[in-house]
Amino acid sequence: MIRIIFIFAFLLPTSLASVLDFCVADLKGAESPAGYPCKPPASLTVDDFVFSHFRAGNTSNFLKFSLTPAFVDQFPGVNGLGFSAARLDMEAGGLIPMHSHPGASELLVMVQGHITAGFISSDNTVFVKSLIKGDIMIFPQGLLHFQINAGRGKAKAAAILTFSSPNPGAQILDLALFGSKLDSALVSRTTFLDPAQVKKLKGIFGGSG
Amino acid sequence: MIRIIFIFAFLLPTSLASVLDFCVADLKGAESPAGYPCKPPASLTVDDFVFSHFRAGNTSNFLKFSLTPAFVDQFPGVNGLGFSAARLDMEAGGLIPMHSHPGASELLVMVQGHITAGFISSDNTVFVKSLIKGDIMIFPQGLLHFQINAGRGKAKAAAILTFSSPNPGAQILDLALFGSKLDSALVSRTTFLDPAQVKKLKGIFGGSG
Amino acid sequence: MIRIIFIFAFLLPTSLASVLDFCVADLKGAESPAGYPCKPPASLTVDDFVFSHFRAGNTSNFLKFSLTPAFVDQFPGVNGLGFSAARLDMEAGGLIPMHSHPGASELLVMVQGHITAGFISSDNTVFVKSLIKGDIMIFPQGLLHFQINAGRGKAKAAAILTFSSPNPGAQILDLALFGSKLDSALVSRTTFLDPAQVKKLKGIFGGSG
Amino acid sequence: MIRIIFIFAFLLPTSLASVLDFCVADLKGAESPAGYPCKPPASLTVDDFVFSHFRAGNTSNFLKFSLTPAFVDQFPGVNGLGFSAARLDMEAGGLIPMHSHPGASELLVMVQGHITAGFISSDNTVFVKSLIKGDIMIFPQGLLHFQINAGRGKAKAAAILTFSSPNPGAQILDLALFGSKLDSALVSRTTFLDPAQVKKLKGIFGGSG
Amino acid sequence: MIRIIFIFAFLLPTSLASVLDFCVADLKGAESPAGYPCKPPASLTVDDFVFSHFRAGNTSNFLKFSLTPAFVDQFPGVNGLGFSAARLDMEAGGLIPMHSHPGASELLVMVQGHITAGFISSDNTVFVKSLIKGDIMIFPQGLLHFQINAGRGKAKAAAILTFSSPNPGAQILDLALFGSKLDSALVSRTTFLDPAQVKKLKGIFGGSG
Amino acid sequence: MIRIIFIFAFLLPTSLASVLDFCVADLKGAESPAGYPCKPPASLTVDDFVFSHFRAGNTSNFLKFSLTPAFVDQFPGVNGLGFSAARLDMEAGGLIPMHSHPGASELLVMVQGHITAGFISSDNTVFVKSLIKGDIMIFPQGLLHFQINAGRGKAKAAAILTFSSPNPGAQILDLALFGSKLDSALVSRTTFLDPAQVKKLKGIFGGSG
């Protein structure tokens, strides 16, 4: 029997050196535009392909949500595979404020409660929908969008998010404008917001300048 | 005010003719290697970006599962966006038999119950794991994999699947070999299965030849 | 000699049916995720590869700039080639307000005057620079950025912009929030802007809702 | 048994509308940057995936070679698959003159005789090799290269060529310069060739201007 | 003359640091999803672009074939170029059993003898053909396929295979199921094969579990 | 306020380890087919995104032009972004001789004077145009093209060039043929140029062989 196996091994020469069926990220290596370098295939176990921390966070925060990412930095197995995921849990009144993902489109699957979500396209058309358990909504790459727990009373909401990149990025509008060091006068001038409004929000979001 | 808007419109010349922020599929058009042609942006509503049929099927079948796809043919909004989704519901004893997706990697998020899942890589390494609610597992493109409801008693299991393509395809091993018209002698010769075994399974899966 | 030419033609069989050295857009055809269908190669002239309208606009508008796009809808020759261009002219005091391109990175080449430009990354780091003639600055895909004529007195400024897509799109923050039909209460809630501020800017930018 | 098949069909919803395992070109459709539209899957037979004309041409021409292409226009099955092929047969003294492929890299497999082949890189390094049956040589995309039958006496040579695109294109230097309508003075000025040399070769290759 | 050359060198600034006309693999470097890092261009010779071991193997094995790969691990020159090759030689009775390539489509060129080959698509359609010298057949990415020497008597068969990736991978059905450590009960359950059949083939192919 | 910022940071997990909004090249790292590895995001300043050397060269050379590249080796910020740029200045009589870019298409924007430019397609069609300030012309990837200062008297010409790759490469016909070590007999045989012509140009361009 050994001989047969040997013969088949001959069929599989790449197995001797590399298997690029997948490329689990070696997070200690230097990223390139294509992602992280691969961990040696021989060192991998099934746990490199499993993410076990995809559970609701216990945070009860200002915005009343928790987000559990499974992007390449948390889940190295998605490196090079073209997708990643995140879990969103929202308490009553929870809100994900206006933001965009510069590197990926987003697909949201409702698993609990009610969420009102929307995005705005390049031609300023607005697409808003009230979603219930069992709905999917997509948010194309780079466009501003938001999600709000639309449940009544103390109803929680939860969704599974997937992204078309292992590293989608996220630009949150208020943090970009008011939580950064962008000069307040520049913020005001480039957004047409009143200086007082800018100052107020800089105070809330901790920006300087 | 009208004048200002007019000026900004000048900033957005593409809005006059085309917006390729997204490309919702016109399923009546001819597919190309890049997907379907786009529906005219002006004809779109939010429902082009929402899929409302992502609920557990009511099928109680031989294999005790139901699969609800949201691929480009069911959910034209994912055209060109690089992903799609499906919902998997399994009754007690449910099973997705050995299969592969020639066009996409898969990301499975457990939302209910217990599932034992596994895949086999090109070098014949086996990666199997018992998953519980809140786990993610990934199945790289083109590799054989399976999922089994591992719950005890009458426990149901459910998962959200996402794929790295709007049209992942699926090659189910038994259907390919025993549910097709592939000549039985060829099946036997190319798989080393006994002719009697092939004949038996051809009977079960409805193949001819 | 004819025979030789005939022989070489045999070397070039694709010339008989299609040349995909390029794919000048047939704007009457339906777009797909890869762009427009190609005009027949035999119908092309050099003018399909030349854009002759890349001159300063004569607009003197509210924001004191003019933008002349050479995107695929204006310049069909860039279809499928992975880039496009635009010309920016700014009078004294000119301003391109905060915006992002969901589909492309931008490369700005200064050809006249002074411009202060900046962008904000996903981690809220601010990158701002005063640019002079002969400087280049890049703005990565999907990130908020702005440009201001920083010249003194009546100095004009001008720049050549190129984009990493034939159809970069542009989401202008104020138009998305205040020039669209997005409900004012939703704007306020998802951006933390005061309702009065939202109302004021909705008035300026012509939004409803 | 019918019920089982029905159930499995449910697993394969894409089969009802589209299978993008492949996209055999409908040559009557309009090309896009991604290739031709797909023929309907239901209309396909195995002959859409087989090319039966890959045999030595019977041409005995000026340059003593024949080239049999299996590009997308001859072999629609390669549409969207990222490769194509050609068969090269050279009589004694045969020569493929200096040329480049703007759209693909080339891989040459020797199947008969001796060929001397070479290419020149962007930094003007020359890579030349005498190849025998059983050798492979690669020619990176867009670089000038050539092949010469290096066999002695009346020895024929043959090779299988594959390309990294369904439509590699080919720019043959002499035809581009001397078989086209490019003005002779421009040819001379932009190549530093003597006008008399240009005139002589224009005569041979049939160019005008 | 030196001055002229110097001037032209100025035209070629990339030659001073890097030439990405090609990226010959440094197999000692860490792979990323885009392949191996490049060897320094200055260290390259023509032999980096030539593979001289593409000859029929002398193996006379159980399955009566030999396969000589020229994938990136054997032929580093194909790194980043989007293709690779292999040579297949089959004795009388030779057989490549059912398998798939998760990372590439395959193009087979017959150079000797007769081969019967086939593949099965996602919708379980079977495409089988008897091929002779001078035929090409393609096998789309990720689909099960096989090749059998169909010559009579002691006729050998040979083919040149090319793949649309430098590292196509190969999943051989029998090795995946019966030559791996996948638990026999799981094999039986997920394939519907009789336990005795699984046990028998596990014995032949050397699997455990 | 600190608490709020902390919460938002939770929204941005990628900021802790990596931001792939961009990938400024670490030129000391090894290139891969996707480009250079990224510099650590925390080390970046705005000057990584600005190129300040994009000014007319002061060379007055044999061909009467100067070219100032901003490719990835000069401007590491373009790594992974899909474009790069160069500035072209031509004195009276200036000329960029026949050449091609194996890795990118080119977009030329006229900013001063008159240039006559042209390219030749795979089917030997010639596209030539006299360009003036404010014109754009595109040169598809891999095709031979040239630019000549067409101004009268002592008029200078200048253009901004952009490319669809951070590293476009450039193969200059005369340097490839006559400035390299390609054997003169091979040059003559593969181009049909007279040996005396080859010898003369080898002398001018400094080639050997």
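By written order: A, B, C, D, E and F. Residues from 1 in each chain.
We take it that a contact is a pair of C-beta atoms (placed from the backbone, for glycine too) under 8 Å apart; a residue touches a chain by one contact, two chains touch by 3 or more.
Computed from a predicted structure; not experimentally measured.
Asks: Once the contact rule is applied, which chains count as partners of both chain C and chain F?
Replies: Chains in contact with chain C as well as chain F: A, D.
Asks: At the chain A/chain F interface, shared numbers over all numbers used: above half (same) or below half (different)?
Replies: Different; most numbers are used by only one of chain A and chain F.
Asks: By residue number, over half of the contact pairs should agree; on that basis which option among A-E, B-E or C-F is the same interface as A-C?
Replies: B-E
Asks: How far is the middle of chain A from the middle of chain B, if each middle is the mean of its Cα atoms, in Å?
Replies: 21
Asks: I'd like to verify one number: the distance from the centre of chain E to the centre of chain F, where each centre is the average of its C-alpha atoms, in whole angstrom.
Replies: Roughly 36 Å, centre to centre.
Asks: Quick check: what residues of chain A touch more than one other chain, meaning two or more?
Replies: If we look for residues of chain A contacting two or more partner chains, we find 12, 14, 19, 21, 32-34, 102-103, 118, 121-122, 124-125, 128, 140-143, 169-170, 175, 179, 204.
Asks: Is the chain-to-chain touch network here best called a line, a ring, a star, complete, or other?
Replies: other
Asks: Applying that definition of touch, give me each pair of chains that meets it.
Replies: The complete list of chain pairs in contact reads A-B, A-C, A-E, A-F, B-C, B-D, B-E, C-D, C-F, D-E, D-F, E-F.
Asks: Along chain D, where are the residues that touch chain F in the complex?
Replies: Within the complex, chain D contacts chain F at residues 95, 97-98, 100-103, 118, 120-122, 124-126, 128, 140-144, 146, 148, 169-171, 173-177, 179-183, 186, 189-194, 197, 200-201, 204, 209.
Asks: Quick check: in the complex, which residue numbers of chain C touch chain D?
Replies: Where chain C meets chain D, its residues are 1-5, 7-8, 10-14, 16-21, 23, 26, 29, 32-38, 79-80.
Asks: Please output the residues of chain B touching chain A within their complex, sorted ascending.
Replies: 12, 14-15, 19, 21-22, 41, 44-47, 49-55, 70, 75, 77-78, 81-83, 85, 87, 105, 107, 109-111, 118-119, 121-125, 127-129, 131, 134-143, 160, 162-164
Asks: Residue numbers of chain F touching chain E in their complex, please.
Replies: 27, 30-34, 57, 59, 61-63, 66-67, 69, 71-74, 96, 102-103, 167-170, 172, 175, 179, 203-206
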